[in-house]
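One structure follows; several queries about it will come next.
Labels for the chains are A, B and C, by order of writing; each one numbers its residues from 1.
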Amino acid sequence: MLNYFANPRRFMKLTGYLLPWMAGLTILMIGVGGYLALFNSPPDYQQGETVRIMYVHVPSAWMAMFCYTTLAISAAVGLIWKHPVADLAARATAPVGACFTFLALLTGALWGKPMWGTWWVWDARLTSVLILFFLYLGYMALNSAFDDPGRGAKASAILAIVGFVNVPIIKSSVDWWNTLHQPASIIRMDGPTIHGDMLWPLLLMIGGFSTYFGWVLMLRMRAELIAGRARARRQLQAER
Amino acid sequence: MNRFEAEALDCRRGGRQVFKGLSFALSSGDALILTGPNGSGKSSLLRILAGLLPAAGGGLRWNDRPLAEDPDAHRGRLCYLGHLDAVKPALSVAENLAFWAGAGSGGANAGANAGSREAIGRALETVALTHLIDLPARFLSAGQKRRVNLARLALGPTDLWLLDEPATALDVETTGRLVETIDSHRLAGGMVVLSTHADLGLGTARNLDLGDYQAGTAAGAAGTAAA
Amino acid sequence: MNGFRAILVRDLRLALRQGMDSIMVVVFFVIAVVLFPLGVGPEPNILARMAPGVIWVAALLSVLLSLDRLFQADFEDGSLELMALGPAPLEIVVLAKVLAHWLVTGLPLIIAAPVLAVLMNMPADGFALLILALLLGTPALNLIGALGAGLILGARRGGVLLALLILPLFIPVLIFGVGAIEAAIGGFPARAPLLLLGALLAGALALCPWGTASGLRQALE
């Protein structure tokens, strides 16, 4: 299965089919979800209208962790089975994940000001997400720090795997420590504690963010593959 | 009687195919001399044989067992000598060698007393440096450092010597001693793979011209080691 | 085990013979801490409040500063590849080098820390915990830092890159290290943060040598 998709030519063909679908799904889900979130969901009885920040904040925070998991898994696959496409996937994921993490931090700050009366608190959840952001930056810096791209891919893969310990910490930080940040309300043992009118737009936004990630990831990987071909052609020219 | 085989080795560095389809077989007492222009992959091949660099394709076998099964045993049976001398200027010659007897390439079979003063003295005799045994290595010239590094070969019995341009910076006399050391190693049943630009005058050694295995040359696809 | 001892002894001997390293790290530590009273003002209460955090941050930066040469010298003169081909697995080589490095640069920090705590007017209740927390924390910092030093070997702009990679991973040690001292000063039990520091050390001991060794292997390819 993995081997099947590791072939760059097959990958180009497959993603060529998938790209328009991903783009369409993204526009549809974010469009509908955004409309529902902004105009068709009730304001919170405590938080009022500011609760609508949630529809961007929660999906980006989700994606921040999802992207890092993707990054760590593709890094591990690239390191262990030496699949070039896995290395590409890892390298293409990092900037997207960093942007989601930044978005989560930014919307969190915007939300925190009216709710907690401060832009930022040094609690466990916020700090661990900030560390996640630094890990993304470190990954990207290390990846591009070597003259031999293969070496950069391997060194940064190890960093990505080691840094993965942070993900479960982020996930459980609201349960392990008493923090200002509210605990999980969607994925719980006893079912979501959030009202259906709010849950649906949120789920749509999460879905839309995920397909957006898939879309951009494919675009970036295709671009890298094409750039690789261009490099190879240059090299052939030089050797001729 | 040991046997060391390489089959259809490929080597890629930084996206460039260095050599392709390289095969050879050595048995006890054999010597293989690697020649070829700069960049043809002599050092890379030696690093692949040492296990420092994974080959992009092909495999290595020791007595018909793939090396990948037991890389630790392979490290124990080889002594590798690279471009760099690995001599610490702050330590004396004896301290440098004692450390390599315990913790360096070739140290596994060296035994408990390989780091002893007598053993180090004997090793230094092979490179004619016995009189400098307690001198801090910072006072050594480039050629003397090279000789200290060469003395590692005599520290412990190893089956396979991998020497990357061992004659660089050596005078005629020491080169002669090196050839003697290699000859006695081969008589005792050891193998040598070495790269060189100059003719060292080793008896009955086989030549492997890496220029024949470059990507794009016809011999690269079908060639085997020239006898 | 022989390889472990040989490397440990060699690194200690090298550090003693050409060793400005350990002195420079301690001097940097002292200067970094002394800058705070000069910058913030000599108000004893403010200094006392800041003392644990300032000492830990300075210790963290000193460790970072000492790390970029950890494998560099052996890498440049070819010693590292001979050690990689030696009888000891590369993970053991890493452990031996980190232990030697900690003995040379980490222990002096711990000895200097109480003196600095006095300068910073830290309450006496925190002294024992300061030393204990540093004893648990600095080896963990060294192990994590070794991982970074192994990964950046041969990279462009190594030093800055090392800080970027490693400082985020240092944060948990910093949080619990300071937490332990502040608990003791405030009269609370310091057991929990100390146990967490121990857990960090154990985790680093298990994970970092592996990561460092794979980084070194790639650097040697």
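Here, a residue touches a chain if its C-beta (ideal position, glycine included) is under 8 Å from a C-beta of that chain, and two chains touch if they have at least 3 such contacts.
Computed from a predicted structure; not experimentally measured.
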{"item": "Intersection of contact partners for chain A and chain B", "value": "C"}
{"item": "Furthest chain, CA centroid comparison against chain A", "value": "B"}
{"item": "Most centrally placed chain, judged by C-alpha centres", "value": "C"}
{"item": "For chain A paired with chain B, centre-to-centre distance based on mean C-alpha positions, whole Å", "value": "48"}
{"item": "Distance from chain C to chain A - Cα centre to Cα centre, in angstrom", "value": "32"}
{"item": "Chain B and chain C: spacing of chain centres that average the CA atoms, whole Å", "value": "38"}
{"item": "Residues of chain C whose C-beta touches two or more other chains", "value": "221"}
{"item": "Chain A, residues touching no fewer than two other chains", "value": "147"}
{"item": "Chain B: positions in contact with at least two other chains", "value": "none"}
{"item": "Residues of chain B touching chain A in the complex", "value": "13-16"}
{"item": "Contacting residues of chain B [partner chain C, same complex]", "value": "47, 50-54, 72, 75-76, 78, 80, 82-88, 90-91, 95, 99-100, 102-108"}
{"item": "Interface residues, chain A side, partner chain B - complex", "value": "147-150, 231-232, 235"}
{"item": "Complex contact set, residues of chain C against chain B", "value": "2-3, 5-7, 10, 13-14, 17-18, 76-79, 81-89, 93, 220-221"}
{"item": "Chain A-facing residues of chain C, complex", "value": "147, 151-152, 154-157, 161, 164-165, 167-169, 171, 175, 203, 207-208, 211, 214-215, 218-219, 221"}
